[in-house]
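The two complexes that follow have chain A in common; it is paired with chain B in the first and with chain C in the second.
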Partner chain A sequence: MSKDEVLKKVIDILSKYSKTDISAESISMETSILDDLKINSARLVDIVLDFEDAFDIEVEDDDADKVNTVGDGVELIMAKI
Partner chain B sequence: MRNRVVITGMGIVAPNGHGLEAFESALRAGKSGIRLQPELEELKFGCHVAGVPENIDELSEKYFTEEQLFAMNMSIRFACIAATDAWTDAGFAMPAVDSDDVDWDTGAIVGTGIGGMDLIGKKLVPFTNEKRVRRLGSTMVEQIMASGISAKVGGLLALGNQVTTNSSACSTGAEAVIDAMFRIRSGQAKRMLAGGTEEASVYIWAGFDSMRVLNRNHNHEPERASRPMSATAAGFIPGSGAGLLMLEDLESAQERGARIYAEVIGGAVNCGGHRMGGSITAPNPTGVQRCIRQALGDADIAGTEIDAINGHLTATFADPHEIRNWATALDIAPDKLPLVNSTKSLIGHGLGAAGGLESVASVLQVHKGFVHGSVNCEDLHESLEPFAGSIVQETREFADLKVLAKASFGFGDVNACVLFKKWED
Partner chain C sequence: MQTLSKAEVLAMVPQQRPFRFIDEITELDDEHIVSIYTFRPDESFYEGHFPGNPITPGVILLETLAQTSVVAFGIYLASKVMPKEDILQLLTLFTEADVEFSGMVRPGDLVTVRAKKLYFRRFKIKVEAELLLADGSVACSGSIAGMGVKQT
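Up next is the complex of A and B:
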């Protein structure tokens, strides 16, 4: 799976949790999940569970804690698939 | 300080209708919301029927975003739909999600009896037992904490005053209305959204079925199953939904030109102490009578000034006792009892939501001047014969309806009585 495909899937997952409407064009690898996408910090737990299901991977708690930007999520997934 | 308190908005999600218009028509027409629930039969319950609001998934999608729905169990959905309706009915716009404005003058008391059980039974307990705690995600606590209900409502409406969930079994919803009245009366809030919610769940109803307090004799005719005051009453029918009322300081309501449905002129809550015939499951008659008298005293009116009673009246053995308690408390002869009805005959017993659902029914009746028919008591219980003239079986217009007493009683020997008065300038 290419990085672009992973990014697209990640954005789909994040959009479920965002309090604002997310458009794919406005999101870059540097976009902050909590600040820019207005996602409640508690939902990072659910986002990581969704990553696991969507990409059939397992994410250790320590790795999950390091996810702050969209790019962090994409890189984490790329390293595991 | 004793500010006058009025009702300026209402929201209802009932088994026989969503929204005030549909609910009022259902009440007037005697439309039942009790239907066969195949799941109850499959699970070998004695009672196979219940009152469950319809089309909730469609309504939820219409009312809420995917993000909002992510952590909304059914009792919270019922409450949030009713809260949205009551809020807009009172004349307010829904706050923008990206606005930082907080309404410090408005709070919410949204009660529940046993809310959240479905998620506990279907996810929390099995996942935990299967050692899959990690897979529970972030949303368990906010949905199973009792106050998860009021918490969600508070966020939805950006409320900044007291936001809490009360719980006192089947008197919960009425207690919420009374607590809200006192808070506004004493000047601590300008507006309080108050009432109750209860989800439809086999895990809530199982314990009642096991106690054999649910009617299991009318599974073949659901609409005839909820039979308050009937000689063939054989237990209550479980119900669910949410009923919320916007209580408001009269001055605030008049300043903003709000439509006023009724005034909340008095109320009282108490407990019978599980003595003098009372127990964890049965009311102490002295406690019930004191509660009603206290409400009258709070409103400074006489028992003879009550025009109608929306009873607790669940269709258990307690109905005749309740009617006698009303007559004793109001200090009037049986043939002088005000008109009485039971909304549970149409929607079942909404448990923690009952007082909220039935308060909405009560205020609609006061506002519109009618008393809805209490169905399924054509075979009136013999000990209620002396009161037969007061028990309303067919809906009737009642333009002179001024004061209606609404009471709810609950396990724990707890009582609540609230008095609604027709609004006249």
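Up next is the complex of A and C:
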């Protein structure tokens, strides 16, 4: 799976939890999941669980703690698929 | 780590009367929890909700669901991975809920809360829970979640 495909799936997952309108054009790898997308920090657990299901990977809690930006999520997934 | 008994878990739930809505935990394991509670006719909210026509408020039913299925169950699951003293430093905060109300609960009604675990990760717990009346009908049900955070 290419990085662009991973990014697209990540954006789909994040859009479920965001309180703002998310469009692919408005998101970059530097976009902050909590601050820019207005996602409640308690939802990070759900997001990581969705990553695991969508990409058939396992994410350790320590790795999950390092996910702050969209790019962090994409890189974490790319390293595991 | 330790496995806490049902009574030990209940003793660790921080909510107390008049805001404690669990009388007894009747079933508890890694996948599910069941408790019972009888709404006392003198609960403070009946006076205003509604005058002359006491009905348990939906928010109280949701709180009743959460105290068993998120707080008590969360304490039990946390006890599998951390010492009791550390759990007592955690406060379980409500994070989200998606519930439906489908029945009325009156003063004196005995209700049963049943919940099954959807996940417990990084001290966040999410469950599918329902609150049943004595005749087995469902008064409130849905998915709810909470998270244990360190008290500062």
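Heads up, the rule we're going with is that the second predicted complex is superposed on the first by the 81 of 81 C-alpha atoms of A that agree within 3 Å, B and C clash if a C-alpha of one lies under 4 Å from a C-alpha of the other, contacts with A are read in each partner's own complex, and residues count from 1 in each chain.
What we mean here is this: contacts are C-beta pairs under 8 Å (C-beta built on N, C-alpha and C of every residue); 3 or more make two chains touch, one makes a residue touch a chain.
Everything quoted here is computed from the prediction, not taken from an experiment.
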| item | value |
| --- | --- |
| First (chain B), second (chain C), both or neither touched by A:K16 | first |
| Contacts of A:A64 with chain B and chain C, given as first, second, both or neither | second |
| Which superposed partner A:I81 touches (first chain B, second chain C, both, neither) | neither |
| Overlap of the chain B and chain C footprints on chain A, listed as residue numbers | 42-43, 45-46, 49 |
| Complex interface listing, chain A residues touching chain B | 16-20, 38, 42-46, 49 |
| Contact footprint of chain A on chain B as seen in their complex | 65-67, 70, 97-98, 135, 137-139 |
| In the complex with chain A, residue positions of chain C that touch it | 93, 95-96, 119, 121-122, 124, 126, 145, 147 |
| Chain C-facing residues of chain A, complex | 40, 42-43, 45-46, 48-49, 61, 64 |
